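In what comes next, chain A is part of two complexes: it sits with chain B in the first one and with chain C in the second one.
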Partner chain A sequence: MTSIDLTDPQTIAFLTDALTTAGVDGVEISGPSGTLRIIMSAEEKVSHAAPAPSPALSIKAPMAGIFCPPRPGSSEVPADLPRTVAAGQALGFLRLGPVLLPLAAPKAGLLTRQFVEAGALVGFGDTLFQIEPQS
Partner chain B sequence: MIEIIETGPFNTVQDLGRPGYRDIGVSASGAMDPLAVRIGNSLLGNDEGAAVLEIQTFPFCLRFDRRAVFIVSGSDGAPLLDGIEKLSWCAHHAEAGQVLELRQPPKLARAYVCIAGGLDIAPVMGSRSTSLRGGFGGHAGRPLQKGDRIAIGDDASLLAVPPSGLAVVEPLVALADVFPQSTDGAVLVRALPAGEHGLFAEDGAAFWNQTWRISARSDRTGYRLSGDPIMPTDVVEMRSHGVVPGVIQVPPGGEPIVQMSDANTAGGYPKIAGVIECDLWRLGQARIGSRLRFVRSTHAQARAVEQAVARYIEDVKVTSGMVKRALKAFA
Partner chain C sequence: MPVAVPVPEASATKLRFDSVLIANRGEIAARIQAACRALDLKTVCVCSEADRDAAYGKTADSFLCIGPSSATKSYLNKDALLLAARLTGAGAIHPGYGFLSENAAFAEAVEKAGLVFIGPDARSIAIMGDKISAKRAMIAAGVPCVPGPDTALPDDPSAVAQIALEIGYPVIIKATAGGGGRGMRVVAQAEQLHDAIALTREEARQAFGSAELYMEKFLRHPRHIEIQVLCDSHGNAVWLGHRDCSMQRRHQKVVEEAPAPGIAEAIIAPVGEACVKACQQIGYRGVGTFEFLYEDGAFYFIEMNTRLQVEHPVTEMTSGLDIVQEQIRAAQGVALAITQADVSCNGHSFECRINAEDPESFLSSAGVITGLNLPQGHGIRVDTHIHAGYKVSPYYDSLIAKVIVHAPTRAQAMETMRRALGDTRIDGISTNIAFLQALFQDEAFAKGETDIHYLEQWLKLRSKP
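Moving on, here comes the complex of A and B:
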């Protein structure tokens, strides 16, 4: 591994540009020659930050079971993602033998992702869906 | 309490019936779809024979005047709670003041409202079912009327249903290999040859091979079928004899009658066959005008179906209890 000269102004400028492009707040690099810390200024951060994404909600498996997005026996084909869902709407089910545990949307919003294939065995805490809440 | 705020005619309180009193002329009564009652009650943690509402004319609305957990079973349609669609075959929480509405099911005939704790009604001869013929049992011995108020039994000792509800895989899906489905939409009903089967030519071929239609003259007492009349080869005079739900009689006109939950206790028409007990619910869910065919069965097959249904219900009881306990522990 070639060591980079952390005191070289060109290297520092290159790293700063890379951080700005990536929208990263800062970086700290330690090496034998010392430590370099670059912290993007507040103005830079505001001007370059992407619009704040609405906090996505994860719907996790409340217990282990077989993941069934449509109810077994239902001929309904779920609409493509993303799709809007109502608060309390059953997004799918966990099947345990003949019993089905509905997986309800905690809030109204946009169902953006489904992380598990239909029919898969999931464990407690596995993330199943992601919702972007909408007011 | 629940209060009935809208109902059609002939909606009643039912349970699994009042067997054992036919010798004194008391019909068995009980739900036309007893499987829906057993599953609904089992999922809630009730005794499987707890009293429920049998709804066969729609729309039907009731208001809860306290928090309650309910399930609408039997129906293929979605009930509404304060106007919001809910899953059928699924236990839900209702708050005091909320209104449950049942609309005409898309294909089936009857829906059951089961409530955790059961309907708190005094039993008569061991049953809470309404005997319409006798005018006793159920709620005041009569069909439900607007304004009726019915008490809910104590549900404090039952395991809590999770806030987002708890559903079952409905019997036609869970027991798809036990209850055959036809490709043309006719309901397949298994039956065993009965006492006077031998009076009908060619081993009853005309009865077994045709598709019957459930006529408008059908109700909880019996279903009159329409089709090509079947005639016995001999006219026989028979004494009245005991009759049970499922017995298929052939009156002089040749169009069969299937005795249902409110069957007379005795009759004198020749009996060509008897529906196996585990298939009676499929008849109970068949609407007037729908088509059906009888499938010749055996005692061994009837027993196997009964055992499969019993295993499924036991599985619902055990697994739903396990899920409720697990979620309570994780909460």
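Moving on, here comes the complex of A and C:
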């Protein structure tokens, strides 16, 4: 089954458009990474909504390159997920010829997903990781 | 319909690449991909974020997003394109049209990176990209040019006035680095000359980074005629016929046709031969187009486009050649399989550019295509990348499809186009289809030989209550 990135602004925009077209007031989608709730209107409804979970962060490729894991020799998607990562910790690298561009965690949190395997060609903006920030 | 040209034995020429990165988007990316597949070449398509869902990406061997939606950060980003070529192992880069297709520095960077640029070498692009050096090259090859000096205008106003007097008013001032209808101004009388020079210089400086101008005779009722050339890297060159692209709005072509109606072969053949000679003299490789103004039986060279053109399909229809495949073969180092004697012109062809734009204001119309019906049938071809559900992006040119027809005569081709446009339905966005339909009902256009100013005047008359 294809997973949906509930933090992706384009996904949220698409869902919002779809709800508007369908005339639906709102929707709530729960998944392993959290819950997304969209309410189309009516401010009082918003006031009844439960506090939103801290949004998951998607880490995207800043440019095209070959994805490399943080430890040489790792060839598979890591099996130790979820795991805690520190802010600034290298989650992997993008290889651009002889240059390795580090992919750092923007915040400390729980690394819940890695979307690419070692050696994969990734494009600009491709989602690489998902982190649930720790407050 | 285009037919296959005999391909020389593979063993006769060592091919230079087996995969092509298509550094473009939209219909031309799909068109180039089709040509590559016909030649058994692998394709690498690149895209910006706005084009992530492009259908041609799904049929490419590799598809890679190289940057944000803004063209300057994606399709015009030389480093990102070269990096994509390196990451995917592409052996050549096809620039398509627009974007970096006539950028000499990019062509040079591609070759320096050890890749093949599918187009002429950087030197040829630079010569023809500069209006003055292009004019000199044309004069040297005997190609007729518009009256006017083949040097930049001097700074001294009295010297400029003397040049204008010698040419005879009206004159047109153009930026030497200009193109696409920008950086030019018509001067009808001597009193307007000084201000016009100052204004155009400043515009040229801002738009092209060079304030250099030149001056030519302004023709009052010219037609826009083009000659398509095809050259290999062994000194062989042919011209594939002529096109009339006089139907223009704000210097942008709207409808193109081949051959140009009403021009005798005896008049145009020497011009075609001179174009071939010019190509051989500058060592030109690949496809190219010589653009002329045509008035009172005389041709005047305007500029050369050193790339594939939007309107190449009409020449494909009349010549029976696949121009994109021929261009790629030339870049492979393969010698031309045809001579001038093999080139013929059969029937008549029209192309209509279908633009996502408001039919009255001509402003771009972005949005989702909710329904689509494209015309089909004998003598009808559609080059496009759109489909139902396709999102027309506001970031790029509004061209979304080209409807091309071919029939034995011009009148029959016009009738086929009327039918094709009538069968075309694009829902969810505004398009210029109704405008094109009205144009194909116009009597003067049906007779042929309308000049480059005709469409603007036609639009003005239409807009009057």
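In the analysis below, the second predicted complex is superposed on the first by the 73 of 135 C-alpha atoms of A that agree within 3 Å, B and C clash if a C-alpha of one lies under 4 Å from a C-alpha of the other, contacts with A are read in each partner's own complex, and residues count from 1 in each chain.
The definition used in the following text is that a contact is a pair of C-beta atoms (placed from the backbone, for glycine too) under 8 Å apart; a residue touches a chain by one contact, two chains touch by 3 or more.
Owing to the predicted nature of the structure, the values given are computational and were not obtained by experimental measurement.
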Sticking to the clash and touch definitions up top, decide whether chain B and chain C on chain A clash or fit. fit
Of chain B and chain C, the partner touching more residues of chain A is B
Chain B versus chain C as contact partner of A:A90, first or second or both or neither: first
Touch check for A:L81: first (chain B), second (chain C), both, or neither? neither
Check whether A:L100 is in contact with chain B, with chain C, with both or with neither, and answer first, second, both or neither. first
Pick one for A:G123: touches chain B only (first), chain C only (second), both, or neither. second
Based on the superposed arrangement, let me know which partner A:P62 touches: chain B (first), chain C (second), both, or neither? first
Taking every C-alpha pair between chain B and chain C in the superposed model, the minimum, in Å, is 6
Dual-contact residues of chain A, meaning touching chain B and chain C, are 63, 96-97, 124
Residues of chain B touching chain A in their complex? 43, 84, 87, 90, 162-170, 172-174, 176, 312, 315-316, 319-320, 322-323, 326-327, 330
List of chain A residues in touch with chain B within their complex: 62-63, 71-73, 88, 90, 93, 95-104, 124
Taking the touch rule as given, give the residues of chain C at its contact with chain A in the complex, in rising order. 47, 49, 52, 62-68, 74, 80, 83-84, 86-88
For chain A, which residues are in contact with chain C within the complex? 63-66, 96-97, 121, 123-126
